[in-house]
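Letters are used for the chains, namely A, B, C and D, taken in the order the chains are written, and counting of residues starts over at 1 for each.
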Amino acid sequence: MKILEDFSNIFTRYDLNIEVARQEARKVSKDATLQTVADAVVVGETEECEAATKAALAAKSPMEVINDGLIPGMNEVSRLWDEGVYFLPQVILASDAMNAGIALCEEKMGKAMDKKGKVVTHTAEGDIHDIGQVIVNALLNANGFEVVNLGADVPVDKVVEACRVNNPVMVTGTALMTTTMTAFPKIAAQLKRLGLNIPFVCGGGAVSEEYVTSFELGIWGKEANQAPGMAEDALAGDNWNDMRSKWNG
Amino acid sequence: MKLSSQMAYKSADEMMFGTAKKPVTTKRGIVLGGGHVVPEVVPHPRPGSEKTMKTLLREYERANGDALERCVIVGHPILQIENEHVFQMTHNPKWGGEIAAQTAKQMDEYLEKYGLKASYRATPADLRKPDMVNMRDSDYTREVLESFKECAKYADVVSIESMGGKEVFDHAIIRNDIAGLLFGQAVLGGRDMEWMWTQIVDICKKNNCIPGGDTNCSEANTAMFMAGGFISKDVPHTMAALSRAICVSRTLVAYECGATGPTKDCAYEDPIIKSITGVPISSEGKTSACAHSDLCGNVIAAVCDLWSNEAVEYHDMFGATTTAVFAEILGYDAAAMNAAIELGYQKEFQACLVNSDMYRGPHGFMLAPQNAWLIGKAVVDNNESLYARGKAAAVKCGELMLGDPKLKLTAFERESLQGYMKDMEKLPAKEEDFIDMCLKKYANVKGFDPAAYGL
Amino acid sequence: MKLSSQMAYKSADEMMFGTAKKPVTTKRGIVLGGGHVVPEVVPHPRPGSEKTMKTLLREYERANGDALERCVIVGHPILQIENEHVFQMTHNPKWGGEIAAQTAKQMDEYLEKYGLKASYRATPADLRKPDMVNMRDSDYTREVLESFKECAKYADVVSIESMGGKEVFDHAIIRNDIAGLLFGQAVLGGRDMEWMWTQIVDICKKNNCIPGGDTNCSEANTAMFMAGGFISKDVPHTMAALSRAICVSRTLVAYECGATGPTKDCAYEDPIIKSITGVPISSEGKTSACAHSDLCGNVIAAVCDLWSNEAVEYHDMFGATTTAVFAEILGYDAAAMNAAIELGYQKEFQACLVNSDMYRGPHGFMLAPQNAWLIGKAVVDNNESLYARGKAAAVKCGELMLGDPKLKLTAFERESLQGYMKDMEKLPAKEEDFIDMCLKKYANVKGFDPAAYGL
Amino acid sequence: MKILEDFSNIFTRYDLNIEVARQEARKVSKDATLQTVADAVVVGETEECEAATKAALAAKSPMEVINDGLIPGMNEVSRLWDEGVYFLPQVILASDAMNAGIALCEEKMGKAMDKKGKVVTHTAEGDIHDIGQVIVNALLNANGFEVVNLGADVPVDKVVEACRVNNPVMVTGTALMTTTMTAFPKIAAQLKRLGLNIPFVCGGGAVSEEYVTSFELGIWGKEANQAPGMAEDALAGDNWNDMRSKWNG
């Protein structure tokens, strides 16, 4: 078979056009042990991170290790992801590493660290397409939120109950099927009824902006990587209406 | 206006998709007809979005934006977007202009950010309904021309689907009346186009905009869709084919007035137009099934320079919104054709497209490059008048259909065609006489006003 | 079950769209893979229609009927319709059976009245979600098998998109974990398929129904869609390509258990499957943009026997309903390929399809017939175990990608790939050792239950 | 260019498969003059029909010429159309011829003949796609109904007013655009409000069964050639509900 040499009139490799110059992660600490902790997060190596955390804990308080090593490392990861340098798996692996480090610190403190706030996440009843949710979970986690992960195929009542019990800053839903996304307005209605005006970010292949903005509380999530920014807004006190006008429309 | 007397191509063999004798270059440097096929996607706004300029701007921002984004996602190098005006966009000429401006800005951004090359065609609606308003002097007429002015500032290309002669055509098409088609399409349509296109070309010149071209959607396509597929009984396919041949006489007028192409996608007569004029043509076939069905889905691509979906209403599908979906499909269609060109296999590829439909039905038959060229030749060889060349096209088309035993016809289709051929024999030789005859014959057709055509 | 040790084709050169080494014949005498490409349209019911069997029957009656009617309207000679079950159709096995019966009746009527040849594929939903139910012993499992029994009575072909290993795959795909892909897709997926397909083939034999095949939609397609287009950053395209190569190990199991094809449309691994087994394959690419986007829209047609749109929700478009629209487009796609075959231009046509996308991205590259065949060869040459052949496929795929300078990769994609290659080098040689390692490594993955796979 | 001889693997000419054997029109009258009238209708020749009608009127009463010549001729045409022998233009031309004959008879009678009943037809406001309506008009006409043809781009109020004034057995609407078909439910609502429960048959490219059956009075028309049958049902006293269950669903 004849194969061409030049394909420029057939397709364009836009990924090469926009390829982001390689960037090194920035240094986050002048302290060598803490920098080692951060580095382990940046490269997403759980075992390394555990070792570095243990080493750092010899000289530093658990809160110092968390606030000046693990979290700044993860912030670097978020920055690299935002700028298009990192791909999702690097974020997930970094988040796995950070969580392992935090677990060791918490063990030493004898109590759980304070998270920024809770976010309840779920995939709609009848729907097992949960990859979108899995990404959302990972990114929220990576950004310091406590994720109450209800998993896939979650009944309406269970979502509402979890919101009542956890009082999250935000709740998310994922649906990939036109037949399952109909659960979202039901959830929103029940939350309203209970006076829980929690911003409810809905996303997933089947879910359109038009649909989500047709019911109260609903904010449409186009890309999973919007989830942390949205959660920050909710944390800062924006209500669902503010958020909808910022992120949708 | 001088009627064309020469063929741009020496033979059908020379005609190929992707290349036109007279390529044109858009604002962002895309060469149309310059060696490659370009996808042209046509979004249509959802009902309700036309309520205010704001909602309509938003609708097009998304619909056009989704198409641009999808090209980046899958790697299509070039995209043309056409917006066919809905009533409100032309009725309020500023609206059409604002939408053109917004789209041009989106295209600049995509060029800057990703390197995607795009161009924009604005197609004002022809609001002049011959049976309702004076074609040459009505508010609607002024709005249409004003729309061209507003759009030409930002659009790369402008086009229109002009309506001249429709009132007579509508009467004739359901009465097996071939004289009525000749009068409505060739004579009235051609006269109206000359009046219209002189002005459009003028506006384009002042605005550095490309005057694309016209289409006989309102007549020949109506005939084609009424003839329909293999189970319709509204109009014989042989008559629809004659109607298509006849319309060349009027569609050609745009180029005789200075339009340069890219022609309008829904003009199925374009292969014939290309054979005569050498302008780049936009065609639509299988991938415009979202908008209508035809029996020449592949063959109509045989000599296209742009490849379109005609129109798709903006809404969600599983994979993405419709405009993204159709931009993706059209782009892949074009990619295969462009690969053929690069490989030097374009002749073989073209033969596959032609053999797919050349004998599927009369339209596929007459629009296959070899027959399209012959009909074009009949047009230029009989350029005494709009009437003469329209009739010559129809006669040639009829002869070809009756003369090729591979084109199977039902007894009914064949007999109808033989009848039209006889009817044409009996028509006057001279345009003046024909016009006199028709002015009497169609005097009572609802809405027909000779003055609207300078008669 | 014996793992395949031979290639059906001596070289990629022998592989061509429309022809399979082992064609199959449907109830109404259509020969699939017997020299021509057949369109396969897949309607999806609108939300709400699944409420009762009656409403769902009506929905499919229209959706399937519109596709059949459209083929008559435009003259497409053959049509296969697939109905992928929605949850309710499999959960209530009688429903799926009734819908199959209804469709078979429609097809008989179209054959009788017009001479249109059609066939029906029923694809029960795999309701067994590994992280929620016992794969081998649950009500859902019984419903799936019962559905096959009901459908096989009327359908020409049955298929499934089986889910084995998905729980481990989902964990691994977002962690750059190539071992997890090998374990989830090749080992667990393959073991689950053997269990499932032995039973399906048995049911088919008793009902004179064709056991079509399986697809790794739940894993390799998820990887491919996450890798997405040129602006996604979820999964490297190189990893998605490895995931595709790996899945051949499990998809092949269906045919090793006695499935004969036509394979399932969404199995992008099918060109590799065809190179090994010679069964007719169903593929989808550009014309399935309604369902999802991919970077191999044309090349994936290079060796297809059926050509599909994956799935389109039933609703109105301007031209007709979606199922009519996509049946029309697919049919024209097939017509051009069939014209190529008849003209003897199939090699040239195939080269156009291949050159369109072979270097557009890793998936297009590895699925181009020449590379697909080489990966198939690696699979049969390493047939000691599901694990060994999956790994061999991935290694070969990686080598090909790194070894062809025309396949441009971003630095990140390249480095990721080099990393996977190193990871694979370090993996145990023997399947037993690999399984031992994985049982430990993935012990805590949510929903992973070794017993569900006989481990 | 290479052109094949055999296309059977590329397309199927179903129109040839179902081609209807040529049929002669049946004789409708033993009377030679009346048969000549009918024949002129069958071949759709207006001038011939006028001549034949004039000749027949010399010996027969106008009602005889109508009932035993013109109408039976047209019935033959309808039959040939139903059986797929005739195409639309033949029906239109026959109808033109019959109408010319009827006009002569009416002239002689000094009054208009009785039609079966009135049908109001229109194309929706804002929509000039009237070919569908033109066909419907012609077929209704051919079948002996009096068509109150409101033309294209007709405002809602005008349709309602025409129904009030004419009290038709049926009213039809054609719309080819999604933006214009929204007039139909408005018309139906106003008719209901006025107590005019006239079956309202809506058709045209944009118009789906689902849409039309979502409002009261609405019956969906798929093909123009259903119009006469529907009008017969309405004439026979079927209400819109009966008609909907017969023609739709």
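FYI, a contact is a pair of C-beta atoms (placed from the backbone, for glycine too) under 8 Å apart; a residue touches a chain by one contact, two chains touch by 3 or more.
None of these values were measured; they are calculated from a predicted model.
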{"item": "For subunit A and subunit B, chains touching each", "value": "C"}
{"item": "Reaching subunit D from subunit A through chains that touch each other, fewest steps", "value": "2"}
{"item": "Of all other chains, the one whose Cα centre sits farthest from subunit B", "value": "A"}
{"item": "Computed distance of Cα centres, subunit C from subunit B, in Å", "value": "40"}
{"item": "Chain centre separation (subunit A, subunit C; CA means) in Å", "value": "32"}
{"item": "Intercentroid distance (Cα basis), subunit D paired with subunit C, Å", "value": "50"}
{"item": "Multi-partner residues of subunit C (each touching 2 or more other chains)", "value": "72, 74-75, 230-231, 313, 318, 335, 338-339, 342-343, 351, 355-357, 360"}
{"item": "Junction residues of subunit A - those touching two or more other chains", "value": "2, 4, 7, 10-11, 13-14, 18"}
{"item": "Overall pattern in which the protein chains touch one another (line/ring/star/complete/other)", "value": "other"}
{"item": "Contacting chain pairs - touch in the sense defined above", "value": "A-B, A-C, B-C, B-D, C-D"}
{"item": "Partner subunit D, residues of subunit B touching it in the complex", "value": "13, 46-48, 50, 86-87, 129, 132, 170, 174-176, 222, 226, 230-231, 233-236, 313, 347, 350-351, 354-360, 369-370, 406, 408, 410-412, 416, 446"}
{"item": "Complex contacts: residues of subunit C adjacent to subunit B", "value": "44, 70, 72-75, 228-232, 285-295, 297-298, 311-313, 317-320, 322, 324-326, 328-329, 332-333, 335-340, 342-343, 345, 348-349, 351-353, 355-357, 360-361"}
{"item": "Interface residues, subunit D side, partner subunit C - complex", "value": "2, 4, 6-14, 17-18, 205-206, 208"}
{"item": "Subunit C residues within the subunit D interface of the complex", "value": "35-36, 72, 74-77, 113-116, 316, 318, 335, 338-339, 341-343"}
{"item": "Subunit A residues touching subunit C - in the complex, by the definition given at the top", "value": "1-5, 7, 10-11, 13-16, 18-19, 22, 81, 84-90, 92-93, 96, 126, 128, 130-131, 134-135, 138, 151-153, 178-179, 182"}
